[in-house]
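See below for the structure under consideration.
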Amino acid sequence: MFLRVLWQSMFGRKRRKAAAVAAVWIGVTLISAFLCLSISVGDQMNRQMRSFGADIRIEPAGAAVPVRVGGYQLAPVVSQAYLPAGDIRKLKTGIFWKNNILGIVPRLETEAEDGTRTVSLLGVWFSHRMKLPGGDFETGARSVYKDWSIRGRWPSSAGECLVGDDLARSLHVSLGDKLVLKAGSRRAIFRITGLLQTGGPEDGEVVASLHAVQGLAGLRGKLSRVDISALTTPEDDLVKRHHETPASLTPADYERWSCTAYAGGIALSAAKAFPGSVASVVRRVSLAKAELLKKIEKLMALLAVLIAIASVLSVAGVLASAVLERRGEAALLQAIGAKRWNVLMLFLAEAAMIGLTGGLLAALTGPFLGSTLIGAVFDAKVPPPFVSAAVGPLIGVSIALFATFRPVLKTLSASTAEMLHAG
Amino acid sequence: MSSPIIEASGVTKNYPGGVKALDNVSMSIAPGEWVALMGASGSGKTTLLNLLDGLDRADSGVVKIQGVELGRLSPDESAVFRRERIGLVFQQFHLVPYLTALENVMLAQYFHSMVDKPEALRILESVGMGPRAAHLPHALSGGEQQRVCIARALVNDPVVILADEPTGNLDEENEQCVFQIFLELHAKGKTLVVATHDRELGALSGRVITLHHGKLEAGGGPASRAG
Amino acid sequence: MFLRILFKSTLHRPASLVWSLLTLTACSALVALFVTAGLGIQKRITGEFNRLGSNALIAPYPPEASPLDTAVRQADWTALKAVAGRFKVQLVELRLRVGVVEGLPVGFVTADCGKLAALTPYWRINGRRPERPGGCLVGAQIARRLHLETGGTVHVSWHAAGTPRVLRVTGILHSGDSDENRIFMSAFTGHPPSVRRPDASPPGHYTYGLLSVPGGLSGIQSFSAAVRGQHLPFRVDPLRQVLYGEQTVLEKTYLLFTLALFAVLALTLLGLTAAVISRTLERSREISLMRAVGAERKSVAVFLLSEAGLKGAGGGLLGFVSGSWLALLAGRIVFHGGFPPRFEALAASFGLSVAVSLFAGFAGMRRALRENPSVLLRSE
């Protein structure tokens, strides 16, 4: 009989039920979508921070020590050392942290004659596709140096170049002009496609494709530096201890240090790809990243909790008002002899069914909304995280029971006669 | 004989599901007349009252009060018409639960034009509710609530009073009290239309219109003014 | 009379009133939080970055078509400091000259070590910063090249006039940038700034500065404009890498806030509309009665909407107070200091709360006016 009454009460009043299910559905969808978002925000923000540019640089151990400031060379370069370009692939194939390497820019710095004076020449990969066993890896200055501001466009062929703003002014050249550069007996012509502003030494340089610069300088297969942008874990106390008093680390600490993607660890691992090289962490960048990440993760966690509270309140409001509407029915059931417990069970069972239905629907839609939101905010393609689907029905049922319990109890404690009279 | 204040001709009203609530009902009521609408439950009394107060609309036929054809009024126009010329008394009293007896009366004044507290108090006193003016409805007995309801119907000085089972929820003592009020109103020349099962109340009226399954059985024509 | 009915009817069912107010308050508290945090977050994040050190470099720079040494000679650091003071810019002067150590030209920088430490907290130092003249901090790259260690000594001779010196290494500095190519000495040692072409060899002194400018990129731009406005031959170079990242993170955070805001508004609308409709159904007799005693649809609509507006206003005010408190708390938890209450947040939370409540009230009103009073008031 209980089941029959439950059946009747579930499938009677279809519109009200549908509205309640819809409320749970929408609410739980939003909750689980924001759950996805707040879980992935750390990782996504970290990827976003590629816009901070490279955070690790690899240089030959015996590199020259340039004395320059604000783009001015204050002392002549005495000697030069190079990294072998052939080893770049190893960064994505041969090192422990290869999956955390998000961007690579090999650089060759050299000089060339412009006819009247010597100019600094920088060769980089603008955009380069590396063929790897697991799929292609697209990288280069365009994706790593997001902070470079360019008037004009990025070069797309070996015969094109960027010219730093300062240099362009002192050479009196502008967009579309041709630069003829000589190094020894070799000669190359570059067309200027963009004027570059970086706030760094590049403002006084000609930037062309690595291949062209290597050819012009006669330095085939040689690099003066490699910039790397990596997915790193913010530094914590362990890193400080590892650096200051390595002896104080227990084996377990050391294990944790070597298995966590700290920038220092990745730098060490990256240096192994190039014999005779030294890798250093660009500390300003890596610290800024770490600090921001900590803040943003906390902020997002806070956001997710607040949204969950607001959702629970709203959905509970819908369900509670659905119960309140049926006060008369509850009173009637009691009047014809149902015990309070029976009525409570009937209403709770019904609420659980509504919560379950809404939650199951949300389990289907929540992950999709989550991945859409992540895509919208971070321009990233993420497969729907179906883990969050599992919690959908659970949240739905919990909210429904939470929302129904109190109003039903209250209804039951009110006088039956009064309810029937008012109803 | 003066021209009728209420006229209904050929009025038919159907409810969804093919229920014929009123079937070609015609009647007329003279000014100052006290008419009782009688009949079994479901005979169409309340439906007819709802057509007379403009809350509902006939499917066919014409309902006129003081020459105004109610079927041609928009809902808002009929609301205005109601507050100007009609007082309504309900079986369930329908007092606003959070307003005092006095405020319930003043509510009708407010929607009519403007509130006049002394006048509202005077009306309450005239139905014997002066001492209870500051009470909320739930603190009043059924009879007291009905008297407040009547006071609310009278406060705007309507020409017609329509009452739907006014004594249906009352004990005998309160019933008598309501009879008394109606008698006084009739004596003052108000036109009263009262739907009732109560034979005693029916007997007090000047004329009884009897409905049976939505059809007029007796009393549709105008009668001479009863004393 | 209208106000009396309005207040009494609003307070009539406390449970339903409390529930609506709770929902509205939660919604407008979040609105207030988002607005307050959104308006304050730029300052906070920029503040965080300023704690991380300098965000721009300043160097003498020749005006159009005049040689660099003119700029260095004309560089008026006193005037620049006055401008920097006006913009609350932290500035540390760095005096660079080229010395020779073991035949290798090396940049030596003298600076006020206390000020420098404040602008370079991100340096990692093995050892410590020099506290007395005679000590020096050696960049990691130079240390590697010259095999220097903490506690060792550096013998330096100058290209230009000046007596050779012996410096004690107090620490090795890791920064990952060009500072690793320099040796930092504490305070100014002896030589007055001579004016020479910095790109000439042998070089003399070249003074540049590190800046920490409040207000991120736009702050730097306005400071730079002020420097140009005074015709000072300096050029300000923002450290773009970090500033650009800051910008991106801010944009993403705003986007997230906006999304969350819409989600909360949608949910509140949903919950509140359902609550209002069910409450309207509950009191449909009361509304029918009003129409029976002669209230026009307009009067009923005004009455119901006023009630919704009143609740919205109450929820908005409560929400603003609790949202501002939340913002203060969130700021304390996440950043070093709360977000102070903002007038804009009051306007937004109040306005949106009233709007949401009116929208829900409108849905309830339409529902109420659809009811047929004659059916609800009949006695059988």
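The first chain written gets the first letter, and so on, giving A, B and C; residue counts start at 1 in each chain.
Keep this in mind: a residue touches a chain if its C-beta (ideal position, glycine included) is under 8 Å from a C-beta of that chain, and two chains touch if they have at least 3 such contacts.
Note that the structure is predicted; figures quoted are calculated from it, not measured.
Contact topology of the protein chains: linear, an open path with no closing contact. Counting contacting C-beta pairs between every two chains, the top pair is A-C.
Per-chain Cα centroids separate chain B from chain C by 70 Å. Separation between the centroids of chain A and chain C, computed from CA atoms only, is 20 Å.
In chain B, no residue reaches two or more other chains under the touch definition.
The touching residues of chain B, when paired with chain C in their complex, are 41-42, 46, 50, 53, 55-56, 75-76, 79-80, 82-84, 88, 90-92, 94, 96-99, 103, 106-112, 115, 152, 156, 164-165, 168.
Residue ranges of chain C in contact with chain A, taken from their complex: 15-16, 19, 22-23, 26-27, 30, 33, 37, 45, 48-49, 52-53, 57, 59, 61, 68, 96, 98, 104-107, 122-124, 140-142, 144-145, 174-178, 180-182, 198-199, 201, 203, 206, 208, 235, 237-246, 248-249, 252-253, 255-257, 259-260, 263-264, 266-268, 270-272, 274-275, 277-279, 281-282, 326, 330, 333-335. Chain contact summary for the complex, chain A toward chain C: residues 19, 23, 26-27, 30, 33-34, 37, 41, 45, 48-49, 51-53, 55-57, 59, 61-63, 65-70, 72-76, 78, 146-149, 197-201, 203, 243, 278, 280-289, 291-292, 295-296, 298-300, 302-303, 306-307, 309-311, 313-318, 320-322, 324-325, 373, 376-378, 410.
Within the complex formed with chain B, the residues of chain C that make contact are 1-2, 4-5, 8-9, 11-12, 285-286, 288-299, 372-374, 377-380.
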